[in-house]
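Just below sit the structures, each encoded as structure tokens.
One chain, chain A, links the two complexes that follow: it is found with chain B in the first and with chain C in the second.
Here is the complex of A and B:
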């Protein structure tokens, strides 16, 4: 055995080095991979709870309608009917869930910029989509001076 | 936004406006191709007993290692957060080709290249440890793993193990570069990439670029060290370069003819792209300057009896043109595949930054880096036969 090993000793040492590196890797892997990894799929199960623990920022359309039913009614039949309230008014969970919502009144959106997010003229938009070049339309005034944002069609 | 639209022709989807895969992703297959090609050239001597290429065997191995170390850097620079790449080893997803490739890379780097180089240079390492003192001696002793045994029998065993590793290394090298072609070839939404021929074309173009690189490096090193070039060796390498190039070019033409004959719904769009946006990089650089010209030059040497000096000049020119051509091929695959819209109705333009994270300067640095690493490797482990003899004499004293 000793005779066999004599001229192969360096190879055995290299083998031990590789085995050692593999062992270190396995230990690092055991320490670093979260214990609950892979229970439901290729992710850490705890990530679900982490995500659920994030505070809500959007209240949802229904919460808005609970108090502002007049606005919901005014949007009926409008092209804006299906647009979420918070798309223009911003995230309002803090307002909706407050004991006194009037104390946390959200700021009204700047109509000069927010309308143009969708309605600025662009060749890539479908031809039938209402779009304007603010230089030629509205005389620089706020859109709300002619349009009701909750029911923007001018009859 | 307005200024970006000027670089667009026809109709494209919003996410196609800017290219997601930059010049760094062009570099990645170029560099891995050089690794695989240099290794396959080295294996010619070891496995297929092509004695003539022996003078370049060790240089080719060190070249492969130097480029292999740099190969993942363009990807990491492109993705950012290099520390996250380790996660791929910790929790690999078995259905992800990219995750599995991490293991192919590690296998190839550690088991094939490092082990083979170690076995081949072990005698030199031991001799250098014996001949040196102080820190240098400690370094070489550590590299020899504390062993001082360079008996005839131990070297014979090393040779046998080395040969076995080279045999395992050939399919590994093919896997290494075949993967890169596979990644592009399997993107079924992209008609420019989606082809089963892609991995095969990538393997042969890898062999071509790796052989051309070693051909150039060997000539440069001989000039730099003022040693005589072994002409039979150079002639043999050039012959293998010609053979590999002919197969590579035939495969690429087969792919082209197949596309023309099949003429599916994407054909007109791609054909227009090749005649406009890719005209210079594909028709001029890749096919004429980078393929037909070097093939013509290399074939000329086979047909006409030329002087040694003329042959060396031709090999130098052909090698350089080959590298330009293969780089252009990678460019045309990676960049070309993102220039047309999936709607097949429009095109965008690639605007390369200069001093940005994915710009031209980082790409140039990443291309110089393997040569710096190679310089250090060559200083550490001189691959020349005279160096081995000199160390032996010094160690005996």
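Here is the complex of A and C:
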């Protein structure tokens, strides 16, 4: 028996070393890997909540319509009806969620530039999309002198 | 001991009876504000994006809104979404001229002339939220992943900034945020869509050229979009399971 052990002593030593290393690995792993890792896949489930926690900046057209229902009504049937309010008026979550929204009134868009963001002539724009060269159209005046931005059609 | 047992029975009972989302909501009910309880169910959604190249006017609203909503740096190589302009000559459709000045953030100054026989159009680009994402496969630490509702997200606390995923993405949708030295990419406005809002880019697109869709919702208009148009995804040969579906995608688009 003693002889048998002596011949294999190096194997036993290696086995003990290996078992020790495995134990250390398991302990370190249990400490380091978060409890919620791997619930839905190879990631920390808390990362979903981290991504959800980002603050809102754009309120969304629903929030605008909650108070400004008169404007929503005035856009009915217009070519601009489907455009989100914040497409022209900018990000307004701070205004929408304020205790006193009137204290945080957004600035009116500059009508000399905002219309041209979309309507300036460009060959890459889809044919049929209304586009103008401001040099040939409108005498350089603000677009609002003829067009109502909430209902831009001229009857 | 007595109190511990009572607590244990209460917690287990609650978990057994309510399970999952309802158990989460119970805390809010007890606090007297049930309307604040999260109602978003992870497994009830499978998000995708419908893009219509025939509608895109290259105004850059999406690019600006994305940067505003997500606090993306205003550097010319930091984009979660951007717009490209294609100039394709019919004699040589294999070699389109593509430009994207500042990602389309400042719009597209006129560069080409009408009537030169070329084809010109805009292509909005963003993360394709692939179902089999190459970027997720190469991440060595599980810092990027496909969420159960079909969004490719980043765990910034885990990201090492090794840049494997930046190289792996066939669509060029990832960049390293120099402020944190971690990767950044489109999160499909995860903080918005889980609250019932649409993404910032969709919110401000004046043409409805991009529309968020939930493929698990049978009433979502994306099903009609996919049915009524000839749909293509970018680089289908990569078998990424891309979920940014394009209408009117020209063969010259890379």
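Here is the rule we use: the second predicted complex is superposed on the first by the 112 of 155 C-alpha atoms of A that agree within 3 Å, B and C clash if a C-alpha of one lies under 4 Å from a C-alpha of the other, contacts with A are read in each partner's own complex, and residues count from 1 in each chain.
The definition used in the following text is that a contact is a pair of C-beta atoms (placed from the backbone, for glycine too) under 8 Å apart; a residue touches a chain by one contact, two chains touch by 3 or more.
All of these numbers come straight from a predicted model, not from anything done at the bench.
Q: Applying the touch criterion given at the start, work out whether A:52 contacts chain B, chain C, both or neither, answering first, second, both or neither.
A: The answer is second: A:52 touches chain C but not chain B.
Q: Which partner chains sit in contact with A:42 here, chain B, chain C, both or neither? Use first/second/both/neither.
A: Both partners, chain B and chain C.
Q: A:153 contacts which: chain B (first), chain C (second), both, neither?
A: neither
Q: Taking the superposition as given, does A:32 touch the first partner, chain B, the second, chain C, both, or neither?
A: In the superposed model, A:32 contacts chain B only, not chain C.
Q: Chain A residues in contact: does chain B have more, or chain C?
A: Ranking chain B and chain C by residues of chain A touched puts C first.
Q: Report for A:69: first if it touches chain B alone, second if chain C alone, otherwise both or neither.
A: neither
Q: Go through the superposed model and pick first if A:121 touches only chain B, second if only chain C, both, or neither.
A: Second partner only.
Q: Where does A:7 make contact in the superposed view: on chain B (first), on chain C (second), on both, or on neither?
A: first
Q: Mind sorting out which residues of chain A both chain B and chain C touch, each in its own complex?
A: 37, 42, 124
Q: Considering only the defined contacts, which chain C positions touch chain A in the complex?
A: Answer in residue numbers: 42, 54-61, 65, 68-70, 85-87, 107-108, 110, 112-114, 120-122, 142-148, 153-158, 187, 190-192, 194-195, 197-198, 200, 203-208.
Q: Touching residues of chain A toward chain C in the complex: what are they?
A: By the definition above, chain A touches chain C via 37, 40-44, 47-48, 50-58, 60-62, 80, 82-84, 86-87, 91, 117-118, 120-126, 129.
Q: Can you check the complex and tell me which residues of chain A touch chain B?
A: Touching chain B from chain A are residues 6-11, 13-14, 17-18, 25, 28-29, 32-33, 37-38, 42, 124.
Q: Quick check: in the complex, which residue numbers of chain B touch chain A?
A: 14, 89-91, 93, 110, 115, 118, 122, 144-147, 149, 151, 153-154, 157-158, 161
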